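Each of the next two complexes has chain A plus one more chain, namely chain B in the first and chain C in the second.
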Partner chain A sequence: MITLKIVDIIGSKNAVTHAFGVKVFDAISKHFANGEKVFLSFQGVKNVTSGFANGSIGKIYSEFKEASELLTIGGLEGKTVWIEKIENAKQLGSNPQIAKVQNNAIYELLQS
Partner chain B sequence: MPYLIHDIKNVAPEDHPLYFFDANVWIAALKYYSGGKQNEYESPYQSFFEVVVELNETHDPEILKRLKNKPKIVLTSLVLSEIINAYMRKVAMRNYFGNGDEYRRYDFKRDYRDKTDSDYKAKLKDLCTDIDSLSDYAVLMDDDFKAIYSASTLGNLYNYDLDFNDFYYGEFLKKYKLPLVTHDKDCKFENVVTITAQERLLKISDI
Partner chain C sequence: MSSNREYTITARNQIVGTSINGMLSLINYYHYAKQYRNCWINLNLDGVNFIDANLSAFLYSIVYDLKNNFGVSTFIDFKSIGKDLNVLMRNGFTNHVAGNGYQFKPYDERDTTIPLMVFNQKNVDDYCDYIERDFLHQRGLRNIRFNDKDRIIASYIEIFENVGLHANTNDPVFVCGQYFPKQGELKFTLVDLGDGFLKKIAEYTKGDENITTASDAIHWAIAGHSTKIGAPGGTGLRDIFRFCTQTGGSLHIMSDDCYYNLTNTTTHTYKLLKQYKGATIHLIFRFLL
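Our next item is the complex of A and B:
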């Protein structure tokens, strides 16, 4: 199993943008493509947003059916808010229809 | 007085030290789930917002030498109130009751906020912790009501095609010379640098 630290991938303690999340997705997916399991560590991270969780873990769950078997997440001790964001991201990634409903609402809000 | 409206495609986020994002842009930046795909409307705002954040995470000395600004995001109580209200009423509640206009049949307080088995508290917590996570990049400013009220006078509101909040933002942005990032076609503010992808605003630009 390969260990990836989020702070090393994004070069910051603040995991707060969708784009940072996509960097983490890219790093994980390279190993998944080789059939390798990944341990993703949140150690050293100071802040996490749902945008980051969606761009990283949500996208992994969206694009890899075997995500739950290949990906282990750690460094979340006592971080209940982050755990909730990660669970939401998994749900969004696994259910494109939920993401579509949310995006439609945001689209209409922006156009209003 | 001129309309200083810029196409968001032509503005580098490092050009200004501070930005004022309207509530809908905040929501699009924080909550739009692209799954990595680009979208015509949300994408320019989401990208702009994210680059503003990421410029603050630049530590390479060579890049720092060339960087004009490490911009921050201005947050006021009025815009924070709008972000929370718009998101909870127009996005979270709508998601809870299903897509489309179904949610309009329900009462926000009775059927969503106060209903113990709804996801109201979870969604509010998620939104507020997202905003809180951006505190390293935010500058909190007072809404300066006394000064702005006396400068503009509420009696002028009827002369504009604006709701009160937008009117207030216009006066606030003029006073502090802050650039606005918005997609709201109503935000026609003279002498306010406005950054947008909104065609109706770009059409009246004097730049």
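Our next item is the complex of A and C:
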């Protein structure tokens, strides 16, 4: 299993932009293409946004059916909010149609 | 350059607050000034007794845009304004208007002001440092729950990130905040001068959901939809909405001809007769003291 540190890939402690997320996605997918497992480390990261989580982990889950077996994520101890964003990203990536139905339901509610 | 024009800001009860009325008081100046080219306008604040200091971000974006796009420079005689407006000096607004930018955190004996800042959209690290240094170290926030602090930081950063992703502008982003200890409120304002919500959402939803109004576009974005292609998205604004409803906070979004106001769990949308460019977002978090 190869370890990828987010701070090394993006060159910042702030994992906040979608573009940074895509950089991480690119780094992970290169190894997945070779069938390698990846440990993605959040060690040293100071901030995480949904945009980053969706662009990296969400995109991985969207494009690789075996993502849950190949990808392990660490460095999230005590980071409840980040864990939530990452879990949302995984769900969104794995089930885009369910997400769309949920979003439509919320949209209808906001309109009423 | 001619300099014989003056505009007086007027406001209900002489208060420019973080509300549709407060914003319209400032937007009226923009609409007055943009009729002219290459001149000075004296902006008179005599008619204002109080202004929410976070609105410095919005007012300075007006000053910036008038100068950049119309050659109209704004002069404010700060020596003549009342003492309750000296927050505009304490938060650096006067430095920015004078063309000095942000050089150092002005001395603030009350320790409640947050400096007005102008960020290049690519300057993510500086923005994050600003949020952590200047917002989260306000004395009222030192005792809030850790998870809430994380959510507040995430909210501010998500909004900044959305500008880079969606606004389609090279103009900078204007940010300011203010802590109101008596009310237990932390107010944050971010302004971009981009396309606003409607343009991109209308293009994206054409032939499908066909969003054609600004209020529908804002609702669509808050519901969790995204115009992002090639990756999932859209959850940032929805997370902020959810956090505000859970904690009694407020989320205001002004874009195109719509002013959207979520306060506690109630939402209102207002149609604006006078618009401003881009999108302005206010976040108001409330804390038990």
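Annotations for the structure displayed:
Everything below uses one rule, namely that the second predicted complex is superposed on the first by the 97 of 112 C-alpha atoms of A that agree within 3 Å, B and C clash if a C-alpha of one lies under 4 Å from a C-alpha of the other, contacts with A are read in each partner's own complex, and residues count from 1 in each chain.
Please note the rule applied: a residue touches a chain if its C-beta (ideal position, glycine included) is under 8 Å from a C-beta of that chain, and two chains touch if they have at least 3 such contacts.
Nothing here was measured: the structure is a model prediction, and the numbers come from that model.
Once the two complexes are laid over each other on the shared chain, residue contacts for A:Phe64 go to neither chain B nor chain C. With both structures placed on the common chain, the touch criterion links A:Ile98 to chain B but leaves chain C unconnected.
Of the two partner chains placed around the shared chain by superposition, chain C is the only one that A:Lys79 touches, whereas chain B remains out of contact. Of the two partner chains, chain B and chain C are each touched by A:Ser50.
By the document's definition of touching, both partners, chain B and chain C, reach A:Ile106. Taken together, the two complexes place residues 12, 14, 16-19, 22, 25, 47-51, 54-55, 58-59, 62, 81, 85, 88, 92-93, 96, 99-100, 102-104, 106-107, 110-111 of chain A in contact with chain B and also with chain C.
Note for the complex: chain B touches chain A at residues 24-25, 27-36, 39, 41-42, 45-47, 50, 53-54, 57, 59, 86, 90-91, 94-95, 98-99, 122, 125-126, 129-130, 133-134, 136, 183. Residue ranges on chain A touching chain C, taken from their complex, read 12-14, 16-19, 21-22, 25, 46-52, 54-55, 58-59, 62, 79-82, 85, 88-89, 92-93, 96, 99-100, 102-104, 106-107, 110-111.
Those residues of chain A that touch chain B in the shared complex are 10-12, 14, 16-20, 22, 25, 47-51, 54-55, 58-59, 62, 81, 84-85, 88, 92-93, 96, 98-112.
Residues of chain C touching chain A in their complex: 124-125, 128, 132, 147, 150-151, 153-154, 157-158, 160-162, 164-165, 216, 219-220, 222-225, 228, 230-236, 238-239, 267.
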